[in-house]
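A, B and C label the chains in the order they appear, each numbered from 1.
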């Protein structure tokens, strides 16, 4: 008995796939392919939806079924194989086969039921971060509810009394469970259409991982010395690009469940910080920024007009966080004359390559010819139209193109004549 | 020669105890009991006081004596035994027998004199963080004044020209002296009553401690790898609860003298960030948040209406900071099949228990049966109405109850029928 | 063919020195002297300039030449000897012989050309952080342009369409290149004069360095465990003081290209956070603060009226960041009775001194008599009018004096009678 509007919304969210059971979703998601998001309608094409659907980077929204006026969602906590980028896998914990779990997308005023099935080897719960709800639905194990034991399913049910950007994550053995991937986004659209509406609405979560070389389990005891830094559990260049049309009004919702307060930087534009998981910031209080500091346990909505066509880097500005796996206690070879060293060491260690005397830029090319430790990405691995992009980790590209309406990658930007930095003779 | 208003205030602050000498206070405070705060008057019962007294978590305000129109306070810098929670003690440095020292509470326009007696083995000073004062009263040793040598007493005297939330701490060998506990809150109430006034006004300081297993001295050389994370030098579950009445207007003043910018998160509510130690933020500039990032060396006032009855977690959102003492370089046993391992190791190490294969949740139960290193808390140790609360460290509970006027713990929340997440069959 | 105004500005910027080639500048800058800034005109004396020139701490602005209406600047990326403070040198990478490189100072509406010559052993680029420009001028190597190979010069050219506080730094092997010093400030003055204008306009960048004892190369693989913390690549007491007149309107522009979000604290005053590299914050959204958290990859402008004469500490509030080189894994000797220990150890290790039993304050005096590791500063090293200032690193002094118009150090503050904290008898 879905209303017409509910059917439209459900179809938009599910991409036509209908309701997925946890197991099926899991099997689908654990394939090491980049999830193909269905092309969601942009503002101009969203038809009868009163809002612009959120576009979860490398992700998807969770389908629901309507039951007597209640939107019922089903999350399955489970273990699966997750890929940060081709060549780097882990045994992650998450929801419905992915980390982050699918985005819960609903509308202010909705009555919702969230079924949570625990297929993990230990108990869990879910906390609906930032959402106003009855105390017994808040999900802190031991404090607000009994833990959900392995094999059990719990039901959370409440009415959405607010709108904005929120998160979900366990509040049971939370240090460990978040460290291995358990988290997701929870987006509540406003009842009344926004004025002006956004044309694009992106969302992703920041996280950090300690995957020791040659291992497949993130180490939950690590507090700071992580070696993988992700947007929605992916590293550059496996992170989906932010594809937008020129002069589109763009929102990006960024949540942080890592251990660092990450400063996320945009190139070529400035954005306004417009909302947190506590609500909308009054216009006079919105700070213009090129870098938004996203505190741990917070969401930040940023909004801007994408008025500058091109391919713009979008990344965490902590320089070690745009690197993939690297040690932080390497011998420092910068400026060390290594003449003859390679030959000497090769007598003991065949294939040894002396590196780093002149910087680390050369390492990216070397990485193509050298094998690193098992299950370990090179620390830099992107390639762009002009050569290597010497970064990894928390980096993607904002692609602004005239007239584009889909989220499909338009390829690299074609620069107008004379607008690229050029070699000159003095 | 106290005026009537001064006598009222002095009595309110002292809880009738009168002036305490440093030594007496020290002896009292070093007992491992949770300090009993005198029940301060709530707004509705505060009588003739023009402000709501601040309620220092696990603490107290410092009594003063009036001398010729000057409020005279006396702080004694000294060493004492401090308890983070039953089972974990240190030799701390602080003031008048406690860390943080007693809260200095005064009123805009007051002339104050602060006597500081040094009973430490090395010199010290006090800096009055955020307060406008003559340069020679600012307390940076060597720059603004000579150091206070052991055995000496110094007098600071100035007129309070502002109101808000401030701190005090040494500015002499400050890295070491703050690392071992020397800090306190300094609250200046406005001359003109606030409109609307708050019903509850809480205050606490964030700190981090490196207490190596089996030792009793915080290690001041540690920069990041701390193992105890505290609100007013206490860890969960020894931190006092935030007890408030339903629909009370609540202020929480949070200061940070640790080495991390901590994101402090509230459940079930959103608050406005209303002031810093630099002053009140204009209403249009106040951000709504569920998580306030408190920078090191800053105060943040947050305010909200406690409109949701229940027991709400209130904590730092960095997941390692809601743990008590743990190593950050443990072997990672998650998913490691330990069958038979326990038996083999027990031949060498009697009593060894294999743990962590299925997560860390089981560790809290184990901790009841196993002895950890001497003077070391289990990393998780709370118990709630529904079982273990698998956290420690920077966590307390906001208890919102209808009609409550005191700060006394009302016990666990009694949930209305049907409002707790429940087990279902699919 | 410079206009009169262009000549005035160029002269103001160059201090009359004219255009410097990279090599010449390098030779000049690599001398271990504190750079003498030419006394720039204050507001009252700035003559025909429509803005107050920025005063780069321990630095200078880059001269330009006008070519057909385009301001042409020349940056030379190169290696040189850099001094943190007398006694501590490194082989740094930077621009025109300094780290940070010279400040680029221009005016909204200017057409500018930036020539970048690479004299490093590896390729580089420059990204103009926060500036609106054509995509091909954005400087991300591989993405927006080919890398600048050693020996090559590239030209960037664009029109300045905004004003505010920005930065420049490499976007090629950026983790390494920033770690060894490559960064600079880029200040764009507004076309229309500010109302009210500022009387003083300071600027500096925050950075962290890992210089292992006895070495001369910053280690780029270190992520967190740095041992030198700098304002414009200098440590206290080698950082220039902030000299201002009483009641001057003061702006301080602080940029951060380190790995920590640093909280920068002022004494004796509160400031407003007025702008970021994203633009000016609306007045109602400006937070009053005594401590501004400067995120990595962001600029913060703070402004205040310097109404309190005196010598005020100005520093990062993370207590380990006002220390110079120290280990963070020292044995903790606080409270350890070392009687007789010194004598015993001296039999094995002549000259050994037992230290730290009563705190670390004594270490500063000891440091005068003991030799530390080669090329390593004592961790505390300042001296003030009242004795040792037990800090190093990110600390300088705001000196507020009646009637002062220059940036010359006026010496220590002379306190009015009776305004200094004093020893009393109880």
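Going forward, contacts are C-beta pairs under 8 Å (C-beta built on N, C-alpha and C of every residue); 3 or more make two chains touch, one makes a residue touch a chain.
It should be emphasised that the depicted structure is a prediction, and the values quoted were computed from it without experimental measurement.
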For subunit B placed onto subunit C, the superposition rotation in degrees, Cα atoms, nearest 5: 120
Interface residue identity across copies subunit A, subunit B - same or different by half: different
For subunit A paired with subunit B, centre-to-centre distance based on mean C-alpha positions, whole Å: 34
Multi-chain contact residues (two or more partners), subunit B: 224-225, 261, 283-285, 293
Parts of subunit A lying in touch with subunit B, wherever the complex brings them together: 91, 115, 117, 120-123, 125, 127, 129-130, 132-148, 152-156, 171-180, 212, 215, 217, 219-225, 259, 261, 276-285, 293, 295-298
List of subunit C residues in touch with subunit B within their complex: 224-225, 261, 263, 265, 267-271, 282-291, 293, 308-313, 317-320, 322-323, 326-330, 332, 334-335, 357-362, 382-391, 397, 413, 415-416, 419-426
